[in-house]
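Heads up: the structure comes next, in structure tokens.
Labels for the chains are A, B, C and D, by order of writing; each one numbers its residues from 1.
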Amino acid sequence: MNYPLIDLVFLVVKGVYILAFFAVNAMFLIWLERKVSAKVQNRLGPMVVGPHGSLQLIADTVKLLLKENIVPSSADRFVWWLAPFFVAVPTIAAFLCVPFSNVWIVRDLNVGVLFICSITSVCVLGVFMAGWGSNNKYSLLGGMRAAAQIISYEVPLLLSVLVIIMEAGTLSMQGIVHAQEAGLFLLKPNVMVAFLVYLISATAEVNRVPFDIPEAESELVSGYHTEYSGMKFAMFFLAEYANLFIISAVAATLFLGGWIGFFRPSAVWFLLKVYGIISFLMWVRWTLPRVRMDQMMAFAWKILTPIALVNILVTGLLLVLKG
Amino acid sequence: MLSKINDIVAGFISILKGLAVTGKNMLKKPVTIQYPFEKPVMTEKFRGLVDLYPEKCIACSQCVKICPTAALDLTATTNPETKKRFLGAFSYNGELCCFCGLCQEVCPTAAMYLNKCYEVAYYKHGDLTKIDLLKADKYQHLTPPKVKGLKK
Amino acid sequence: MELQELIINMGPQHPSTHGVLYLQLKLNGEVVLDCQPHIGYLHRSIEKIAENRSLTQFIAFTDRLDYMASMNNNLGFCLAAEKLLGITAPPRAQYIRVIVAELNRIASHLLAISTFAQDLGAYATPLFYALRDREKILQIFDQLCGQRLTYNYLRVGGVSGDIPVGVDLLIKDFISYERRMLAEYQDLLTGNIIFCVRSKKIGILPKELAINYGVTGTSLRASGVKWDLRKDEPYLAYDKFDFNIPTGQNGDSFDRYYVRMVEMEESLKIIEQALGALPEGDPVAKVNKVFRPTGETYMRTENPRGELGFYIVGDGNPFPYRLKVRSPSFSNLSVISHLVKGLNISDLVCVLGSLDIVMGEIDR
Amino acid sequence: MGSLNSRKRLEANRERRLNLDTAAIIQSIKDRFPGAVAEQTPGWVTINKENLIDVARFLKDGPSEFSSLHCLTAVDRKETVEVVYHFYSFKQRIMLTVKVILPNADLVIDSLTPLWGAADWLEREVYDLFGVRFQNHHDLRRIMNPDSWTDHPLRKDFKMAGFIPRPVK
């Protein structure tokens, strides 16, 4: 059975659905972040537009869409213009391999984990382009910090993901979920350590507190997107939250069993797990101060990477012993 | 090596402690008020815009003398027969005013007072520079925009 | 490769320069090679204004110097004027002054530590907690004098009004509340590993340098000099209260933060004692309506940010002939270029936050 | 009330002791630099401007250890400008007020920046607001006003459009 046209139509429909989810989800996350921060700080957060400010994001999006797009006169226009796409497009692409339920996945690639990890790393290029193209010293510093940070945190991130791959024996996202149907990986101590390492390095990957060094409002004003306004800024903003969703989705799939739950539809379980992780990361964000650049690098290379390496060794030993 | 691990664990615990503090606060009730819908009650001594009971004023111009920013201006006329001073005009520049309350303090007949108006916003520069204190509706143009569902 | 310096203008509009401070930085990568502060963006020539105002009128202007601690500014000026005129405030006024000055010290320190945490990247949460607690102090002041920021409460010879009924209870409530909250801050910030590694051993201010540059207040005490005018040259009724002077050992940013933390607890102690021993009597001395200062005097008081000095020269007219404000932040900031050389740009923000400057006072 | 009286007595004692010590310090200046002290009052001491830097060095490094230059300012006396120094000794707990009188025609004085770092900004401020030039100051620029400014605002003869001094009542 081979109907290429129908396949194509299905792909397009799925693509549209992914795009819609990308935007709506990011808006929801922004609202959630505002509400969580308000709760932490004994405030109420947005309350005026819609019930409990739920329509605030629509108002904000309309505002950002209608805003004038200001281009700095001395910016490198081509690079500057291209940068938001380099940040947003890989993020959207990463949604391709996110298993929302046992059937809801655009393409279950057999190298799914690898695909997500590699395509999200392309974002760093966009961030650096934004920093360079803005021709602003603060932005440049932010871009350079981002490049260094994301590249160095990729190492412990992948090493911790490796543990799961070893346990599951597959790189496919669905395959990893299926492997957990017998019992969550997280119950094993070595996977717990890997989960911790993953969460920390994933936080650093998406530039969130305590690793929001590229943005670092109190130091670099706003880092690489200082000069962006209007829709271009919105793309950075949406991509940031979409990235947050991606890392949480990967965490949920790899460590918490993805869509496995007690009842159907299984997508509910997946989203519950993802938003649970996101809420926790938000809680962390509104609690902790920021670490310094060199301390963060030292943390990645001197603490996280050795832990992850030892963890892999232990996992391998355990697997061998188990036969 | 051991001390290093100890440091990491202690650092981890300290972060959990911080999370506990913010987590505890998440359960508390918010302390803010929803401003345009709810309005705070001003205290008894609150010093808002300068106001006047014209009937009490004896035009002694002590307030004009004490005003640190020269925000008040008063013209008095003297009745040539009774030698009594009358209030001619009393203007107040709210943009100069520093809300120090010295005029209220120095007034011998308690004619001058600072009212409870704190929503001092206006559309044109100059709306507050020449306030005639003798008029009753002098601060009408400062009333804030109406909002639906104002809670008292 | 040739080394190229990056010159960056930090401020006058920057999230963490605490107002309109402009720092011209010479960077090598992210390492600060040179830091040149430029001030004066908020210069209002308060000293010239003072030459055209009577002493009573000028009290309202002292509110605008260090707007985070208006009560302490009022106090410093009133004490200087009283010293010049030979007036002594009645005991009740002195106790009330102590209470309001210490309350304002807490309010100021709360803001200092929380903006410091904000500079270190703790997004707004400590700041909101501090504002929440500071709000309670502001409400007390609102009941006391009718304003929340520019109080104009103190007068030459006393205070403008007695403590209204019920406010003493509010203050007592606040003391017990704030003790609980301070413990919370200790958990949230002091113990936090990230907070510690960011601020410890950063921006070390040696004792000799601090004294040489006229650094005073918490920054001086953090460098290990046990010096507090409230203890060493007591004014008002400070010699009647039992309190400690916290000092730091290293003089780094963390010590400057921690000294403030402990000082708040000590201030609470002072308020508790002063409230318990509040004498009866008139809150204001019988003084002339018009003051005609003659001669000259120099009076300094311990502000939250350091020693605030007023040098008043009178020539028999109601207006002072010359008035000089020796503002603590001015001297404290002048040392910054020595502190930040060789540090990271993130550390520069940390040092600046720990010095706790208020531009209204620096530019005057 | 008794405690207040005793406190006043204490304060008076302290004041007396301070004056004594101040007098002793001024005497030591006189011994060390004959002719340096132009005038001496209970509150302050006036020093010839030629001797300032030497006297300051003596105050700082001498036995009295005035380690801190607490405040530096100036007073415009119309024909002359007084530069006022407040030195403080943490060791002896004494504040010494030193004045140097400069004629309007020659507003030049030695800088104390080699001795106290605090003098740096304070001298810049006095230069900006009074126009007193400090010799050997490494970086004598305006500090409050813009560099293009030509006037000195705290001088009594300062005139500016829109600035109306209040009449003395």
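As a working rule, a residue touches a chain if its C-beta (ideal position, glycine included) is under 8 Å from a C-beta of that chain, and two chains touch if they have at least 3 such contacts.
Given the structure is predicted, the values throughout are model-derived calculations rather than measurements.
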Rounded Å distance between chain A and chain C, as computed from the means of their C-alpha atoms: 43
Whole-Å gap separating chain C and chain D, where each centre is the average of the chain's CA atoms: 24
Length of the line joining the C-alpha centres of chain A and chain B, rounded to whole Å: 47
Approximate Å spacing (C-alpha centroids) for the pair chain B, chain D: 40
Overlap residues in chain C, where contacts from two or more other chains coincide: 53, 125, 129, 132, 188-189, 192, 194
Shared interface positions of chain B, touching two or more other chains: 15, 18, 21-22, 25, 31
Junction residues of chain D - those touching two or more other chains: 166, 169
Category of the chain touch graph - line, ring, star, complete, other: other
All pairs of touching chains, each written as two labels joined by a dash: A-B, A-C, B-C, C-D
Chain B contact footprint on chain C (complex, rising order): 53, 56-61, 125, 129, 132, 135, 139, 142-147, 150, 152, 160-161, 164, 184, 187-189, 191-194
Of all residues in chain A, those that touch chain C in their complex: 37, 40-43, 137-138, 141, 209-210, 212-213, 216-221, 285-295
Chain D residues touching chain C - in the complex, by the definition given at the top: 3-4, 7, 43, 67-71, 73, 75-76, 84, 86, 90, 93, 95, 97, 116-118, 120-122, 129, 142-146, 153-154, 158, 165-166, 168-169
Touching residues (chain side chain B, partner chain C) in the complex: 10-12, 14-15, 17-18, 20-22, 24-25, 31, 43-47, 66-68, 98-102, 105, 114
Complex contacts: residues of chain B adjacent to chain A: 8, 15, 18-19, 21-23, 25-26, 28-32, 34
